[in-house]
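Both complexes below contain subunit A, partnered by subunit B and then by subunit C.
For the complex of A and B:
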């Protein structure tokens, strides 16, 4: 290995790639813009949905209203609902989503409730299973009906001179022990490692293709192979550049995420109160440190695979499946019950996303962190070995 | 000086089995002379030259390029060779000067020597006007000049040209032919492959006719003329291959 030659290749590829629009877009612009756009997009969408939902209150009909004047009055006074005049085609209207629900009272409902407590009465609520708004209306109606039911029970108990407290044998109070960081960690720990891994891969993808299949497509592979540089040095120079781009992409996306959180945090808090964002600088730094050998693994692997292709497009079609392979462990880490253990610490990609999940939740198992870092380094070395081998294979370099 | 000794290259093809692209080829090319490899498409010219330039490894046999063995010292061989073919393209996003500098550095040249050398070559080939233009924006002729500058930057004693004029217009092809002559005049060992008979007649001191991977005949144009009672290279070629 000749460090000078590796450096020459690295610098040349850097100059080259910085003039490539595809790389600039995919590795610099995209990671900077992704999170702000994503969060702004979600925010804007949520605002629109909420506004729309508050503007038009859902409509309901009451069937047999004359049998329940008291409850009907309560429902009409409910500001969330708009009670419209009853029509016979209500089932069709619910199906057409023009109407959200219908409450049907049996004959002499309130009279019977008052005078015949031994004969339980049944109210029917017609709704559209699986339709979000109909389900929301159903919940509100159930709550209103339950209120009414409780007032009736209270009246009965008062009449019988029984204290209402007998209804509750005991109370339950829920106590949250997770810190704000941990609550956030659970949400962030699921989404963020996933994004970081994908960006780390996609950021390296464009330069990896450009530096291998791109050379073949443009016919420069023979030019460079005829120069005195050793093939190992050539691979190393290319590898270091792809690694740099991958790390820059990841760093930019993490910074952009942090910026978005700082600026857009309030916006998010408005949408969902539980979404308190508290990520420590330490957790970001440690996760970033863990991602570096993963980026190295991806970079070497991408070079090794895309060198097989004869053209940019062919390389893209080979690398497409790789994204899925990388996403799968990321998804697996989101599953409940998949917890980090020494065995999983050796599984590439999955180990990093699991440890990132823990780190964002404020848990630092340094033994496992060290093990994962080392095992990822071993994977990276293996991938690099494969890449160097590929550059020595004539049937790969000059594939017809 | 190039000395090929029983160069053989076998490719394995899934459908066609083993292909002997180059089969036991031996020849010598002397300094100050042009050795021409003449053959049809697929005869084994490109594979032979790629082995000499150490881009491909021979299956068996070897060659000495200015004393360096192509199997044992491929990096030394590449340092002594300027390799040019129509397949050796340019890095489109680099400027003409950056491109030539890149190869100068890879040849281990220090900055001062390289700058002086590049200035000299660019002046000689009349390239100063487009030295800071990106290679992708250059015309075919200008691109060829940049390629020539690349092969010359380290002043190699051996030049290998693989069908350098294929697909070029008349004027650009003339530039290349002129360049090959200059290389000979400077005492370099020149080897070049072509399937164009007229180029062989015009340029070559020694001609090797290659067919199906085998070197069938070798000699000067005069020797071929005597042997086959013909002065026309095309007729000679047909006779040699038909035998």
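For the complex of A and C:
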């Protein structure tokens, strides 16, 4: 194997690929545009929806209002709700989303509350299960009833000459001890690894096909095989280029993601007030090092598979299903409760997804990071070996 | 325009397409496997891991355990917690996920709450916000504290001669009045139009490129243009075939989705798919048919746009680079329908793709806003007709057909 020859092949392929508009679009333009479009588009829509939802107060009806004048007055004064006159077709109206909920008071509700303290009175709330606005109204109604209930309890205690302080047993304070970086990192760690793995794979796809099946299709593979360059050098040159494109695609999209979030941070802050984005440069750098051997595995694997195909289109049909196989372990980072352990650290793709999640959350398990890096390198070497073997087999190169 | 000529072009393209078995299999295999694999596979895995995390005893630390012996004994007895000896770096350990949470009792906690004198003492719960396991442990601790508080208050009230019922004047009963079809509709409704739209676009993608740029690449474009068939007939024949595959893909994906949900009991067990077992019963045939009716003009629009665009390309590969960004443009409005709270209005009914996905969401939840349905159908038909006219126009332009 000759480093100079590898360099020659690499430069030749680089020139070739830079001339192709498809590469520029799929490896540079798409990853740059993906996140801004996705995040800002959805973010803008969500703000519009939130603004609209706060402007329109949802409607509710009160059934048997005459039995609960006090609570009814409280509900009418609630600014978030609009109480409309009761009508008998309320079930239909809830189903049609014209009405969000109905509160039903039993007969002589407030009299019973006053006179029969031993018997709790039952209020019914009718709602539309799963429907977002109906569920929000349900929460508000629950809060209003709780307020009322507390005021009744206070009255009862006062009547019995018991100080209300009796009810203050102890206070519970919840304290988040994780830093802002860890809190947002934990959320980012669920989504980012998935995108990084998918992009890593799809980024390598176009050049891998073009450099093997595409070469066959254009009829130039014979020429290049007849040149004095060894098969190993040829594969390595091609492999390095595919790897480069895969890494550039991934890096660009992660950068574009970071840029979008920084610029669109104000927008996000509107939706979620506590949102503080804090991803350290260190975590991005470590994840990047974990991704490099993974990208190498993908690149070598894609080269080995698409070499079997006779045409660009045929190669595409082989690689399509591969995306699915990679997506599932990639999604593992989104699962709550899947924790990294030495056994899982040996499963390709899954291990990188899980360790990237930990790293974004500010957690550096150096032993496991080392183990995953090494095991991914072993997988990459194996895939590269298979690719080189494929290039030595005439029945693969000149398949009819 | 002669119907017979269109038929000839159509059957020629169909023969061509059917001969390419591999691509064909791929086109239908993708949507067919997508749902069982992603929907069921992922949700099953998710629920298994969530259950596992819930059933595991949470490792916590108790600071000042000596001040609350009875409560700590309750925590131990519940079997939900493994209590580690307190150490100074508990904050660190929570952040590093070594322990899930910690609880701190102030000095003299239990004697203070027993005597009920002086200000109420404060209990502190430490946790890792957004970390699922830590938040689960936090909820477990809150439950245990609430139970302890209720027992305590009952004791205090009893000491003053009051019944515990004094504290609960009102009981709340919540009743869902929406029909099961409607509940299933709001849960699954948003996803179905999204998948149908994506798959009908994907189904049209390959044939649209193959029948235009592919034909140029193979050098057969000139031959077919020189035949006695007119340009309009040629476009119609090609367009109809693209439309057929697009509709078939959409149909296959819809069927696969239905079958997947029907047979996946585990998806039914989870919140997202509650009631999904009765999917077939709850999504009435009428609403599914109506959704398909709404998708129909949309697939016409997709097919015509894809043909018009990929005709510009000189090769299959070039066509792919033009249609790739189009996919993203189409996915965005389809995703928008998944966002909660977006409801159809006359203005949104004019935005292509978004309108269809929003109206399908309504239809699947069992409400039929006929005026909006008509508006969405009409506007999509209008866009489809415009796109088809552009496609025909493209086939008349020599600089597009024989681009150098």
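Basically, the second predicted complex is superposed on the first by the 395 of 400 C-alpha atoms of A that agree within 3 Å, B and C clash if a C-alpha of one lies under 4 Å from a C-alpha of the other, contacts with A are read in each partner's own complex, and residues count from 1 in each chain.
As a working rule, a contact is a pair of C-beta atoms (placed from the backbone, for glycine too) under 8 Å apart; a residue touches a chain by one contact, two chains touch by 3 or more.
Model, not experiment: these values are computed from the prediction.
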Partner chain in contact with A:363 - subunit B first, subunit C second, else both or neither: second
First (subunit B), second (subunit C), both or neither touched by A:3: neither
Contacts of A:324 with subunit B and subunit C, given as first, second, both or neither: second
Subunit B versus subunit C as contact partner of A:394, first or second or both or neither: first
Contacts of A:85 with subunit B and subunit C, given as first, second, both or neither: neither
Which of subunit B and subunit C A:142 touches, first, second, both or neither: second
Subunit C versus subunit B, contacts on subunit A by residue: C
Overlap of the subunit B and subunit C footprints on subunit A, listed as residue numbers: 20
Subunit A to subunit C touching residues, read off their complex: 20-22, 25-26, 29-30, 33-34, 37-38, 41-42, 45-46, 49-50, 52-53, 90-91, 94-97, 102, 113, 117-133, 138, 142, 145, 148-149, 152-153, 156-157, 160, 162, 165-179, 182-184, 186-187, 210, 214, 312-314, 317, 320-321, 324, 327-328, 331-332, 334-338, 361-363
In the complex with subunit A, residue positions of subunit C that touch it: 22-23, 25-26, 29-30, 33-34, 37-38, 41-42, 45-46, 49-50, 52-53, 91, 94-97, 109, 112-113, 116, 120-133, 138, 142, 145, 149, 152-153, 156-157, 160-163, 165-179, 182-183, 186-187, 316-318, 320-321, 324-325, 328, 332, 335-336, 339-343, 366-367
Interface residues, subunit A side, partner subunit B - complex: 4-5, 8-9, 12, 15-16, 19-20, 218-220, 222-223, 225-230, 394-395, 398
Footprint of subunit A on subunit B - complex, ascending: 11-12, 50, 53, 55-57, 75-76, 78-79, 81, 83, 85, 87-94, 98, 102-103, 105-108, 134, 150
